[in-house]
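This report refers to the structure that appears directly beneath it.
Labels run A, B and C following the written order; every chain starts at residue 1.
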Amino acid sequence: MENVINSRKRLKTTISAEQIKNLEWASRRENLGRAWYKFSRNPMSVVGLVIVVSLILVAIFAPFVAPHPKHAGPFTDFANAKIPPGLQYLFGTDQIGRDILSRIIFGLRSSLLMGVLVLALVVPPGVLLGLMAGYFQDAWIDTLITRVTDIFLAVPPLILALAVASVLKPNLWNGMLAVSLMWWPWYTRLVYGLTTALRNEYFVSAAEVTGASTAHILFREILPNTLSPILTKMSIDIAWVIIIGSMLSFVGLGVQPPEPSLGTMIADGSRYLPDQWWIAVFPALAIVLIVLGFNLMGDGVRDMFAAEES
Amino acid sequence: MTEDILTVSNLKKHFVIGHTGRFSKRKPITVKAVDGVTFSVHEGETIGLVGESGSGKSTVAYIAIGMYQPTSGSIRFRGQELFQDKNKRPRHLRKAIQIVYQDPGSSLNPRQNIKQILEMPLRIHQPNANHLEQIVYLLEIVGLPPEYMYKYPRMLSGGEKQIVSIARALATDPSMVILDEPTSALDVSVQAKTINLLLDLQKEFQLSYVFITHDLSLMRNVSSRVAIMYLGKICEVAETIDFFRNPLHPYTQMLLSSIPVVTEEEEELKPKKVISTGEIPSPVNVPSGCSFHSRCPFVMDICRQVDPVMVEAEPGHKVRCHLFTQPAPVSVAGPG
Amino acid sequence: MNEAGRLLEIKDLYVQFSVYGGKLHVLNGVDFFMYPGEKVGLVGETGCGKTTTMKAILRVLPSPPAVIPHGDIVFDGQDIMRMKEENLSRVRGRGISMIFQDPTAALNPVFTIGEQLEAVIKHSAPPGKSPTGPEIHQQAVNALKEVSLADPERLLHNYPVQLSGGMRQRVCIAMALAANPKLLIADEPGTSLDVTIQDQVLRLLRRLVEEHDTSVILITHTLGIVRETTNRVYVMYAGTMVETAATEKLFSQPLHPYTQGLISTVPRLSGGGIASGIPGRIPDYRNPPTGCRFHPRCPHVMDICRQKKPPNYQIDAEHSVACFLYEKDGSANPQKETGQQ
């Protein structure tokens, strides 16, 4: 009996490996083009993207962008303290005489770093747990994972973060740890819901009946279909993590002085309201800008993954 | 007689979907999706499995392919029991039986391109071979150019998606393919092309097909034998020509009379005595006795109480209906 | 055929959609008309533009990305294209009603049948004559009785999920007819149903349409249904009406190569194998074929087919076909001579 694979000796199509490579690159270019088209339909998404990219660049090149980089460290200049915004100090100076703009630029660094690192810490395990619990729904592993997730979700998030942060030594890293502990369950829950729906799709059954390994099914069949909500959530979460991080430093549990942090700057500056309003208001506006940028970009990310009409 | 490639004996699949009552009076609510099905598939033939919602035809397919475990009964591939080891079906059996699903939209992973979709079975069953070459070949035998490799399912038409599903099924070099309503979601001109492709592939690779559909006109032109299912049981089995020339079961006649046809000639062929009435009962609440009695124009007292057994009304033509019960009925577990 | 007295008339309708990479030129000069009391079938395969045409009639095409550069739609003497939005909502539902392919999706799962049916009855009452609560309820019960649903009083309290597919479709029919529309558009009304149930639903539809004297447009890709249910048919391909005829004539004497191909691919109950189908696939609407859009797939293609769009040739009173093969047989319809490409 002749079988399918052996009959390939009669292959009529000739296509070289190089032509296949070209096809692959052409299709990648097309995918990127389409993705950009969908992202940029809404001009506000592009605005968001510009804001985010600018903030990232500013944070990376902080020492070169900030007008007074030394002010972001131990520095005092009481002669120039509490100067309102003007030509020399664009956002004014604080109660010790440090340039607020430069401190915001460096504070941006720790904020963005926190956002990125927390997500890097939280997303992979959260997603993995959600995939496993969702795929093996009703098995013991599902019960175990969902109960643990429920427990973490039951604790008011900010209280959990404060509790953890106050037990550990207060610094940026422990602040991130605290926020991570309260953040991972949201991803597990999101992916759990998506996975329980996806596992009933025919293409998953097709892989199962052919004998695909569980790893293949989780990571090659199911996970790619969950990327859209995950990435959209991540782009909006960065903003939230930054806010929570600022809240922690506002109460003194995050970045410690003299390192600049947007939260501590607002905390310090709140004492000088309303006369020296610039000390608190500009850092607050910086936070607003960060959140706005990521949220607008998040809309674009969601559009990018939206299914196209046939 | 050539050995049968698939032998199904008194196969049952019951799903428990909930419970009624409390404590000692607690009883499970069961859906008897498949309730005692027996038939065989000969090597190289196409057997049609016809039925409407609740008939259980897809469930039979899903059991054969390994998606469900049967509640009882046996299903053997070339004599080998498919469900010997409860947990793992051996690799050579997975290769041998493949399936093409009904809905082209959800049977292909929308986030994978065609190359990745076809690679999956190749990586499992032919880990060391040159997959690219095999993929180009698979595309060729189903009539798609190699450029399609990097396309995504959403860029393909419904017919093309089904063709990719067929290519995926062939990738494991199967002996039997279960086709679950492969063209129901397609337009009629695309259906013609797809069916012709399936028939060509069957000839070239000596495949056996279990062709599941609700479209009797299609069945007439594709299969050599037909089995009609209603609420989990087979009502009638016959060679195609006998079946259409002389449909015996009242449900079969009801099905045939409901088909919209395009020529006067076909209109003449439709049974006139039995017009469709009544709703299809839910498989949770199967009527007592013969499950069709609530809609049957020839219903007798015995139909409401006793479930008829399958009898051979003519050679090769079996029917399960009290109208044909002879004094000595042929037993259910007979040869296909 | 005189133009006065036509219930619905579509003249030379063009519809485009803006997408990634350009524009989809979907409708390419669609012509359609019907008289009151007719049952007209609209046959075409997926992607031919039949749903787009119907949505254009009701003006529910999402306006980016859809663009209507040209065309007229006149319903019951009113110019739909230029009508104001407030007046349009009177036409939708009361003048024109629709039944959709999937009755499950058409019914709101969180409201009872009664709530949905009564809402339709209330909204479709003529202005100034709002019926009272009990009157509405009675009308709802009558509507369900009319579609042969047993125990209507109890059914009104059920949710759609408690009903079978056939019953849901009957409810949708009841809702569509409750407003006593002049025109009922049925979009693939039986496709998601089992064939025995589909038969019952279509027989019901035929009976009701006779009783109410409603005009019907039946959209489908199943040729057998068209033959049983309509008296005139339009065949649509790639955004153009390629042929129209009285139903019996279309099936006994199909003229357009696409119609012929389509009818030949339907599997016959009498056997005879499966025809080889129509080669090729539907065109890419971003770059549709020049001239006749069917020419790349046509077994009788000629040079002129690649260059000019074929006009509608009138073969007899009801039968016209848009194909150059019939240039000598019919008289060309003058307004189609200069179509846009």
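We take it that a contact is a pair of C-beta atoms (placed from the backbone, for glycine too) under 8 Å apart; a residue touches a chain by one contact, two chains touch by 3 or more.
Please read these numbers as outputs of a predicted model, since none were measured by experiment.
Which chain's centre, taken as the mean of its Cα atoms, is farthest from the centre of chain C?
Farthest from chain C by mean C-alpha position: A.
Could you tell me which pair, A-C or B-C, is linked by more C-beta pairs in contact?
Looking at B-C and A-C side by side, B-C shows more C-beta contacts.
Report the inter-chain centroid distance for chain A and chain C in whole angstrom, where each centroid is the mean of the CA atoms.
About 48 Å, centre to centre.
Just curious, how far off is chain C from chain B if you go by their C-alpha centres, in Å?
Centre separation, chain B to chain C: 33 Å.
Give the residues of chain C that touch two or more other chains, as numbers and ranges in rising order.
Within chain C, residues 47 contact more than one other chain.
Enumerate the residues of chain A that touch no fewer than two other chains.
Residues 308, 310.
Inside the complex, what are the residues of chain A that reach chain B?
The contact residues of chain A facing chain B are 1-5, 7-8, 11-13, 15, 17, 20, 23-24, 26-27, 201-203, 205-212, 216, 220-221, 224-225, 227, 307-308, 310.
Of all residues in chain B, which touch chain C in the complex?
52-53, 157-160, 187-193, 195-196, 199, 214-218, 220-222, 241, 244, 254-263, 265-266, 269-270, 275-277, 279-280, 282
In the complex formed with chain C, which residues of chain A make contact?
Per the stated touch rule, the residues are 33-34, 37-38, 308-310.
Give the list of chain C residues in touch with chain A in this complex.
19-20, 47
Taking the complex as given, what residues does chain C use to touch chain B?
Touching chain B: residues 45-47, 164-167, 194-200, 202, 221-225, 227-228, 251, 261-263, 265-278, 281-282 of chain C.
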